[in-house]
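Following this line, the structures themselves.
Common to both upcoming complexes is chain A, partnered first by chain B, then by chain C.
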Partner chain A sequence: MAKWGMVIDLDKCTGCQACTTACAMENDTLPGESWQDVLFYNEGEYPSAQMKWLPRPCMQCEDPSCVHVCPTRATYKDEDAGGIVFVDWNKCIGCKYCMIACPYGVRFFADEQPLVEPDIRDTYPGENGQMWSPPYQNPEQDWRRGIGIQPKGVVSKCTFCYHKVSKAPEGVADLDEDDPELKEYVPACVRTCAPKARFFGDLDNPESNVNRLIADKKGARLLDHTGNRPQVYYLGAGASIPAFRPRES
Partner chain B sequence: MSDNNIMKGGPGTGLLILSAVVLVVSFGYVMFQLMTVGHAAFNVSSKLPWGQPISTYLYFALASSGLGLIASLPLVFGFKQYYGIAKRAIFLAFIILISGMAVLALELGHTFRMLWAIPFNMQIQSAMFWMGVFYAADLLFLLWKFQKMEAGDWDSRNTKIIGIASFLGVLLASGNLALIFGMMSMRPFWYDGSLPIYFYLTAITSGMAALVFFTYLAYGFTRSNMPEKLQIVFTGGLPKLFATVLGLTILFVTVRAITGLYANNPEVYHVWADYLFASPLYILSLVFGLLLPFALMMSAKLRVNPQIQILVAVLTFGGLFAERYYFVVGGQVIPLFQGTWAWDMLQYTPSVTEWALTIMGAAMMFTLYVLGEKYFDLSAAPQLERAPRTAEPRQATA
Partner chain C sequence: MNILQTLITRRRFLQATSAAGAATAMGYGALRGLAPVRESAAQEPASMEGETRITKNICHQCPARCGIDVYTRNGRVHAIYGDTGNPIANGKLCPKGHLGTYLLYDPDRFEGPMKRTNPNKGRNEDPEFVPITWEEAFDIVAERLNRLRENGESHRFAHFYGRGWGSSDAGMYGDFGKLYGTPNSAIGHASICAEGSKRAKEATDGNNSYNAYDYRNCNYILNFGASFLEAFRPYNYLMQMWGHMRVKSPQTRITSIDVRMNPTMAASDRYHMIKPGTDGAMALAIAHVILTEGLWDKEFVGDFEDGENRFRTGETIDADVFEERWTHGIADWWNEELKDRTPEWAEEITTIPASDMQRIAREFATTKPAIALMERGPTAHFNGTYNGMAIHALNALAGSMFAEGGLFYQMGPSYGPLPVSADDYMDDYAKDMEGKHPRIDMAGTDKWPMAGTMMQETAKHHLAGDPYKLDTAMFFVTNPIWSAPDPILWEEALKDVFIIDTSPYPGETAMYADIIMPEHTYLERLQDSPTYPFEGWPMSALRVPAVDPVYDTKHFGDMLIEIGKRIDGPMSEYYAELGDVENMLRHRAAGFADDPGDNGVNDFESWKEKGVWYKKPYHWRYWRGQFWEWDGDDYTIEMSEPEVKDKLMPTGSGKFEFKSSFLEEHAGYIAEEMGIPEDKAGIIQWVEPRHTGGGDLHFVTPKLPLKAEGRSANLPQAQAYMQPIVGGQGTVFLEVHPRTAHERGISDGDTVRLSAQVRGEQKSITAVARLMPSHRPDTLVLPHEYGHWAQGRWATANGRHAKPGNSGELTENLSDPISGLASYYTSKVTLERA
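On to the complex of A and B.
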């Protein structure tokens, strides 16, 4: 089985948020509850202040702390599915311990006050257990893997678009959106990225482009000291986020 | 035994009605909010997922553990002079734990799913799995222990074994509860292997406050109404023990604060400097909830004064409630990444629904408490003082 990995080249990323939008469309997430978003931040002060950004999906960690803490095994890492970390919506009890334990802040309870107003749930109230039911929905639903529209009371997160990736031909080294044969299997954020800053492939395959990029272009993991060992790698300058500093008001 | 327990009479019934009404109203309000608004009625978010309901649960669970530990003084360690408080302590430990669990149940996204999803999936890696195991065991042992006392069996071999098992259960439950926080290396404010000790100390302190308050309440806040055995406890070692645990709690908080303020790590330093010590309420809770009670209990004259004991119990109650709240929220106020969605420290104040949950827990505790005082003799102690061990010299016989 493959071990799916993502490579994000920060020197190419323009911070356009097309990935965030594509993810929200693909997975019908509520506005703001983006399983993948681009985090904008600043570093330094005038005259050397910088405006920076970092696209941030779930890292599908090799040693995921969210899985360790989950008391029900609702959150699990599926080695047979490329090492993707899923949430089983039939098992999650909504204790939110995984949200405490994830160092990357990429898990969503969503049954909370709206992040963006007006609250779209008022316009499209939930039916059949869904938190909200928009008129267009991705037909792919698999609650055992946290795919579909999130029900109330559980936690959701990026699935590396497993509903697409799982249909790719066996043994393929990379899922490249430029390959007409493969483009349907590419995760939404990767496929849509205009400057081609994102790559997706098999980290276990020595021939894969993602492995080559990590080796040749100095791929780095975000917050490596956590020991979670992400399956997402960043290329280029600035895969580091400055520590917290209170704002001077 | 003389019975001046006012909970058995009219005042008890009045308190029972009042607390039952508050319980029903607050429970009804929380349920209504959860059914209509859902968990959006809470002020927590994906950035700060654990709020006051969690700290309330923590507060209750640890007060219960503290009571369990205090009860083990006579029941496990042979301090027979404390026999008079044992039964009430065990009863309070039981009902306070139940009340805490009720609060936690309504905080969860799926309350009933928990009942099968945790036992059937056996995720032994998760400290929260062990929390379920240890607190369930704790509850069971408390009940068993209480039933033995009801039957008048204080000293048999079995009772002793249950007492020891119960003591270990309490240690495991509250120590593990500490590690739910203490093992989170990605949350540096909590990440601390000595946290179980802090939890034990604060547990005993809050348990002590509960014991003092509820014992006085049973006797109309008049010590001379208490059975003699209890009066001896309240003028003897117990106040000294109270002073000791208060002092140790203050020591622990001080050491944590100094470490945090000294460290450069912004995820710890800014919690202390810009959240905790920047909050007048936190400072007030330290001064009036811990320092003042400690100072009062240090005076040999004041610590045996009934009014002072009641005052200290009430102040400590409040002080430790705040301590738990600031501990839980403080671990999350620094955003994991400063930027979009969180440009500064995260803000959290409990919503009305979250307060209603806290009030519900307290009302449940009072309701069960009065029922307990009414239907059981919580001041019961062994009738005959038998020599604990044959090896010890027997009392002179006629």
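On to the complex of A and C.
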């Protein structure tokens, strides 16, 4: 089985957030439940200020801290599914321990006050146990892996679009959206990325393009000192998150 | 144990709701696309069964026309991705593209045709719409139009449109106006869009058009106020090219000039934040350096006869000693303007250091192919056309016109003719009306002789009854009561006009409508769309309906046909012959039979299947001092000067003009309106901007990447991501430099009031301030996004999601006298705590 990895080249990323909306629509997340967010940072002052951004999916850590803390074993790392970290919505009790343990802030509990009002869940009330039921839904549903629209009271997260990736031909080294035979198996964020800043492939295959890119451009993993060992690598300048500073008022 | 308690409760809840789900499966629940819950899987909804079908379409959320694959199962759209076979999309999309399903299933859509029953119109008047049938709607409109015709007043009917797509909607206006007898079919929106860059190009190289660009092969981009990574078009394709340019060898070097921090600036190799309205001064200084340092493209521009450079700061040259090649007027340009336009002079005006301008000039002229591009930023000012001409002139100096890695113009598709010709169906009345009355906006008259359209003037003219009062107006993809400069005046003007609005959605203009004729959303439409200027070679995409219309809506083209059929006289026969939009498109596609596309599209059916017809390559190329035409295999046919004039640079001289014959033809008008001496009107020159509003701070109102063709204020997903710079929390903010804020006692998060003089009155809007040290201290930034009062539940939300006001309300209706482009970015406002 492949070990799926993602490579994000920050020298090519334009901060457009197409990854964010492609993910939101593919996975029917609520406005603001951004499994694939892009964070913007502004530093310095006119006329020499800088602005940078960091697209942030779930890192699908090799040693995920979220899995260690889950009291019901709802969140788990599936080595047979490319090493993707899933939440089993049949087991999740919404305690949010995993959200606190995650060093990357990529887990979501969407039951609270909506980001945008009026609450879209009032427009499309949940049916069949779903938290909300919009008229446009991805036909794929798999609550054991946190795919589809979640029930109330559970944590959600990026699944590397497992419902797509899992159908890829066995043994493929890279899922390149420019290959018409493969594009349907590519995670939504990678598939739509216009400047082609994202790549998806098998980290266990030394011949894969993702490993070549990591080698050529000295791929780095975020917060590597935590020991989580992400399966997401960043290339290029700017792969750092500035320390939190309260906004000047 | 609370946790255990929650667990049990939730499982019970699931069992209970799954039973309820099964019970409703035959009713509305099934309509919503959820599979019935089977007993064996009572704990979760199963994946929806059925086949997914993919139909071709193009996105409607900006002008770019990206091809999309629309994924539909059981009659429900569930995904949108870029079409791999579409040369603009190449399988990719921008952030807006994916949100199209929201636009289809927008819960605030109009559900069918309606008429107004409350005769009073105003922001606080409920139109009291009642449903009517389409027949009634068409009859009401046709009766009105027939009566106007009987009274000899058909010119008092006007069409207005925003985004026209092709021959099956906006392309039908010309014949409608001709047959019916109105000069106002149609008033386009270009003058509140980006007309300035088109006019700057018309005035220099003779093409009244946006450019096509060869980004793939260019090595340098000097970008003036075209927000390349936000709102320039085609945005999706530009990002693809950005990714390419940043890794190709050699890497394309990108310098961006804008008035505010934005992603394009941040991602460029170098940025400079220029004082609003002064880009032309910087471009002139760059031209000055290129000439004084001998860096111009001598094969395109020509050279001094002995090769000695006589361009010396402050000194004139003898025109006779410069042998000009493909340009016109360089000696006059230098002697009358450029010789004194030093970087030091421009530093005073632009606030950009002279040394940086010098460095940019050297880089630009020596890193070829190089493109100088610009859009609305530099041109949405009083001096916009001259600013744009100064920037575009750099392309001539670098030899980039029609060159590989440079810029050129767009070819049209090989369409077949319509089955009928409008000329054969004009009655005497229609013939008599031709040229009898000016347009309501006075475009093309002595008032605006160089403007193609002046939509923003309509409200004023109607209120004054000069040239006449409108009687009836029909709107298509445009909402001037919100989007025009000084929209408040439109609220007054449209009160006594019979309004037909065709938007599928509620909006401010729709709230003034007497008849609502909702059109299909784009995922429900059959519609053609020749490309905007892109890579030059011809292309035309087709929208194919992905689903049956969700509501009782119609295609706009079919609405025109149905109204036309009801007009007395031969006009009705013309539209009866035309039939419907599908018939029209079949005739258009017949033209592909003799000119099959590169993807094999040769008729209507294959067009529907592939979603696009295109034919590479572009037919002309400039190379080393000569222009060459494509012979079918290569660019081998050398073009004569008359051929270049005819096909590529249709100016008076047939050359790229630094001294514009187009402007010289209107020298008297320019002298009167702009105070420029008549004998200097044609020279590309620095003209001071005329800022409006009377305040002390520049006010710019950019479009963000998620601005979904005017609908994003009612798209909750778009609002959630409305960053950068400082949105992303369900709104946008007034971005202000901390020093500017502190001087006014304003802290981050404060509600602030912005005020400006409009029509001599003090107007104000409010917004929440966000301190942004990146911006110029003299410039405020408020994205043009909100301030809607009638778009739908999210756009008009109150409480903690109250949105900032409409920046247009602080925008004086002042236009560039040459292009007619409204000066959206030229207001100066005052700022205070609210």
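Side notes on the structure shown:
We adopt the following convention: the second predicted complex is superposed on the first by the 244 of 249 C-alpha atoms of A that agree within 3 Å, B and C clash if a C-alpha of one lies under 4 Å from a C-alpha of the other, contacts with A are read in each partner's own complex, and residues count from 1 in each chain.
Note that a residue touches a chain if its C-beta (ideal position, glycine included) is under 8 Å from a C-beta of that chain, and two chains touch if they have at least 3 such contacts.
These numbers come from a predicted model, not from an experiment.
If you count the residues of chain A touched by chain B and by chain C, you find the higher number for C.
Look at A:Pro118: by the touch rule set out above, it reaches chain C but stays clear of chain B. Shared contact residues of chain A with chain B and chain C: 32, 38, 40, 42, 71-72, 93-95, 115, 152-153, 247.
Every residue of chain A that touches chain C in the complex is listed here, in rising order: 11-12, 14-18, 20-22, 24-26, 31-32, 34, 38, 40, 42, 44-47, 49-53, 71-72, 89-90, 93-95, 115-118, 120, 123-124, 126-130, 133-143, 148-149, 151-153, 177-178, 180, 183, 191-197, 247-249.
Partner chain B is touched in their complex by these residues of chain A: 32-33, 37-42, 54, 56, 65, 67-74, 91-97, 99-105, 107-115, 152-155, 226-227, 241-247.
Considering their complex, residues 3, 6-7, 10, 13-14, 17-18, 20-21, 24, 29, 32-34, 37, 43-50, 52, 73, 76-82, 84, 91-99, 101-102, 104-105, 107, 229, 235-237, 239-240, 242-244, 246-247, 261-263, 265-267, 272-273, 705-706, 716-717, 719-721, 723-725, 728-730, 737-738, 747-749, 771-777, 793-794, 797, 799-801 of chain C touch chain A. Note for the complex: chain B touches chain A at residues 38-40, 42-47, 49-50, 108-111, 113-114, 117-118, 121, 123, 125-129, 131-132, 180, 184-187, 266-267, 270, 274, 332, 334-341, 343-345.
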